[in-house]
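Multiple structures follow.
What follows is a pair of complexes built around chain A, which joins chain B in one and chain C in the other.
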Partner chain A sequence: MNPLRSLVWKGEINVQIYVEESLLIGGKQQQHASSKPLLNLRFPRDTFLPMYLTSILNQLKLSLKYEIEKIIPRCWFSYNEKVLPWFLPIGVIFDMTMSNDIISRSNDTIKPTRRSIISTWPIKLHFKQKEETDRKLPYGFIPLIAGEGQLESFWMHRWKQACFIMNGSSKIMMQLARHETVSFWNSIKQRDLDGFTEISSKIIPASESGFRMVPIKYHLPYNNETNNFESPIQPVVKLIQNDNSKGPIVLQDVILKDFPDLIDINGEFKGFMIAQGIILQPSDSVYELYSSLLNIDGFLHIIISNS
Partner chain B sequence: MIGYNEYVTQLNVIYHSGQLQDVSNCEFVKMLPGGDALEARFKYISTPECNINTSVYSLEVLIQYDTTFQEPQLAFRLWQWDHNVYKLYYELENTPLQTQLPPWFVVNIDLISNEPWYIVGVCDTPEVVGSSALDQEHYMERWMAVYLLHWIHLLPCK
Partner chain C sequence: MSGLLIESENDSDENTVSSKESIASRNKFGPKLTQVGNTHLYDGAHEVYKVQEKLENYTRRLSQLGLGLDSEGSSEISRPSSSIALSPTQHSHTLNSGEISHQPSIHPKSPNKSKTHSPTPRLRRSVSSKSPQSTKIQIKFQPIGSIPQLRPNTCKISSHKPFSTINVFLKKRLKVENVFCYINNSFAPSPNERIGDLWAQFKVNDELIISYCAIVAFG
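Showing the complex of A and B:
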């Protein structure tokens, strides 16, 4: 197996969980408590936040004003007051919110500092009571009303999209046996790379020439000026050169179609591209990147920054 | 599968044909700016068995184009009339609407313009509607009949 694939699969993120004061026993008197992290946890990059929600709430339950079952469908996490899109893998959301940190850390390689080695991600848990009008729920919020089944169904839908993009049909996904889809989902929960690879290799074409297109999503980094996260861009990426030139399709070839401003007047590439916490090079082969850095939903998520 | 331009043309034909507007519980139908998405609302009154209280809903429906699958996509959300105002209602599982949707619908909640909608899966649309190669000219008409019209007019509204 590709050694980079194994390293990426094992990637983890240090997370500090803050909790909105209205969720805590004591309410406004807990202002002090809500300004400091109540939990310090470590999450695998390639998993989803809701997978840990029950565990987080269980660890906090002595401080919580409401029952866990009541909180789950009407809670969300935020970073700097912006709703985090739980339906994206944790590592993708981290890279979107911390892209500046990742870029500046990459400059510290000669003389690493503590900051360049240890990075923490502060996120906050919020809750809105049912009695309050639903219109007050924030933009970008998807209620988790059916628990893990909803997450699994959402994830399956993403794989159907990825399968269609790669093969021109979702039939391979739809023809997986029930026990295969169960073990595919379990491989993510149990962090079993071999199990994940066994099923995903039935969906992903075995060679570069087998790809109709490559499932990629571009994300813009978190931006203080917008009210919420921007919707991702899903480019059309084929692995065939248009002009009969040989050699693999590289990242720059495909990125510039959607982001022509990333090249300056001297022809120099001036942006940053991040996937799985790694800064990518414009000359990286798209096929190699997909094979090594694809996320658990079948897409290669790339954060694009022009800073 | 239907190309975007053909989809837009056929969607506009359906909009002007009045098929949706003629459904008895239809509150309004409008073509959204850009001409490639159609929004409609249908009144829906639920009277659960063993319960004298009725619940009044407004079912908001959105038809748009899925660029990945190159198919029309049906999205909907439910508004419940409560204290003289419609409130967005997420818990489809707790409404009789769920039993009135076609059982083959694969429904997920996803964001459209950063708001949550129930979205009907589109990946098996060619099998449901029949290949566009058979009768490309009436693809959207067949889609509309199967995905929306055959169940929407059965919703109780009195």
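Showing the complex of A and C:
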């Protein structure tokens, strides 16, 4: 197995969970409590936030005003007052919100210190009661009405989509046996890389020439001006050179099609691309990147920044 | 493939336009510079290049002093109006590790200007007139099961809209509470995906085929 896959699979993020005061017993008197992190956790990069929601709420249940079952369908996480899209892998949301931090740390020429190495991600848990009329649910909020089943279904559709992009149809995904589908989802929940690789290798073409297109999503960093995160950009990426030149398709070739401004007057690439918390090089082969850094939903998520 | 070729062809056109426009925008830096530009632009290509060079030097100096044009404004001028606005880097909030423990508030109302001010323009996706991102694309609707058929069964929609727009449209037109949409009878796209991107990847005879059903059809 590719050793990079194993390293990426083990990647984790330090998360600080803050809780909205209205969710805590004591309400507004708990202002001091909502300004401090109530939990410090470490999440694997390649998982989804809702997978840990019940566990988070269980740890907080002595301080919570409402029952956990009541909270789950009407709660959301935010970073800097913006709703976090629960349907993206945690690592992707982290990279979108903390891209400047990742870039500045990579440029750090000073000897690394604890402060410069350890990065924490503060996110806040919110809840809105059905009866509350003085405020609305935030724009972009998708309720988790069916709990984990909803997440599983969403994830399955992403793999069908990725399968269609790679192979020209979702047939391979649809022909998986029931037990294979179940073990594929369990491999995500149980953090079993071998189980994940066993099923995903049936869907992903074995060689570069087998790819119809590569499932890639571009994300732009956290935006203070809009209500929420921007929609992702899904480029058409083929692994065949348009001209007669040989050599692999590199990242710069595909990114410049959508972002030509990322090249300066001298022909030098001036942007930053981040995937799985790693700053990518413009000369990296797209096929190699997909093979090593693909996310659990079958897509390679790349955060593009020009800062 | 054709989509890629079209984009790359137009990208070069756009760059040319963009560079011309950005020169124009730089002329707005100050009255003195505008005057210099107006005086010499007609004297020949050599003079034009000299003026451009002077303007560029001036811009660079302003950037170094942090007095450059507001990046929002400059980006608006240098991009066509059809461009999809993307993320601003000038307002990005930088969080250094370790800061969090010293700061009682994690949600500052206004970003720290000394940290966030940057002359870097906003990153935008290139949009050309021929690309699917800037045009209307054709969608063909196919009912599954007992849900009513849409008449006419094709429609055109702006390609930059998110897929959730289709869902809202179908619910309204069919007067139903729930509708489940699938592309090519295979998968349900994420509600925030752009319709233009889906069209570019999954079109059949230049149409995006969307099946819809009142209950879950493809799990």
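For the reader, a short list of remarks on this structure follows.
Keep in mind that, in the parts below, the second predicted complex is superposed on the first by the 302 of 307 C-alpha atoms of A that agree within 3 Å, B and C clash if a C-alpha of one lies under 4 Å from a C-alpha of the other, contacts with A are read in each partner's own complex, and residues count from 1 in each chain.
As a working rule, contacts are C-beta pairs under 8 Å (C-beta built on N, C-alpha and C of every residue); 3 or more make two chains touch, one makes a residue touch a chain.
Keep in mind it's a predicted model, so treat the numbers as computed, not measured.
When both complexes are superposed on chain A, chain B and chain C occupy overlapping space and clash. Of the two partner chains placed by the overlay, only chain B lies in contact with A:F141; chain C stays clear of it. When the shared chain is aligned, no partner comes close enough to touch A:I172: not chain B, not chain C. Touch criterion met: A:Q234 reaches chain B and chain C at once. Annotation for chain A, partner touching more residues between chain B and chain C: C. In the superposed pair of complexes, A:F87 makes contact with chain B and with chain C alike.
Shared-chain residue A:F164: touches chain B and chain C both. After overlaying the two complexes on the shared chain, residue contacts for A:Q150 are found with chain B alone; chain C is out of touch.
The intersection of chain A residues touching chain B with those touching chain C, taken from the two complexes, comprises 85, 87, 140, 142, 153-154, 157, 160-161, 164-165, 170, 174, 231, 234.
Residues of chain A touching chain B in their complex: 73, 85, 87, 133-135, 137, 139-143, 145-146, 150, 153-154, 157, 160-161, 164-165, 170, 173-174, 228, 231, 234.
Of all residues in chain C, those touching chain A in their complex are 1, 3-5, 7-8, 11, 14-15, 18, 86-89, 91-98, 100, 104-108, 111, 118, 120-121, 123-126, 162, 183-184, 186-194, 197-198, 200-202, 218-219. Chain B makes touch with chain A in their complex at residues 67-69, 85, 87-93, 106, 108-111, 114-116, 121, 123-124.
In the complex of the two chains, the chain A residues touching chain C come out as 16, 18, 35-37, 80-81, 85, 87, 98-101, 104-105, 114-120, 122, 124, 140, 142, 153-154, 156-158, 160-161, 164-165, 169-170, 174, 213, 220-225, 230-236, 238, 242, 256-262, 271, 304-307.
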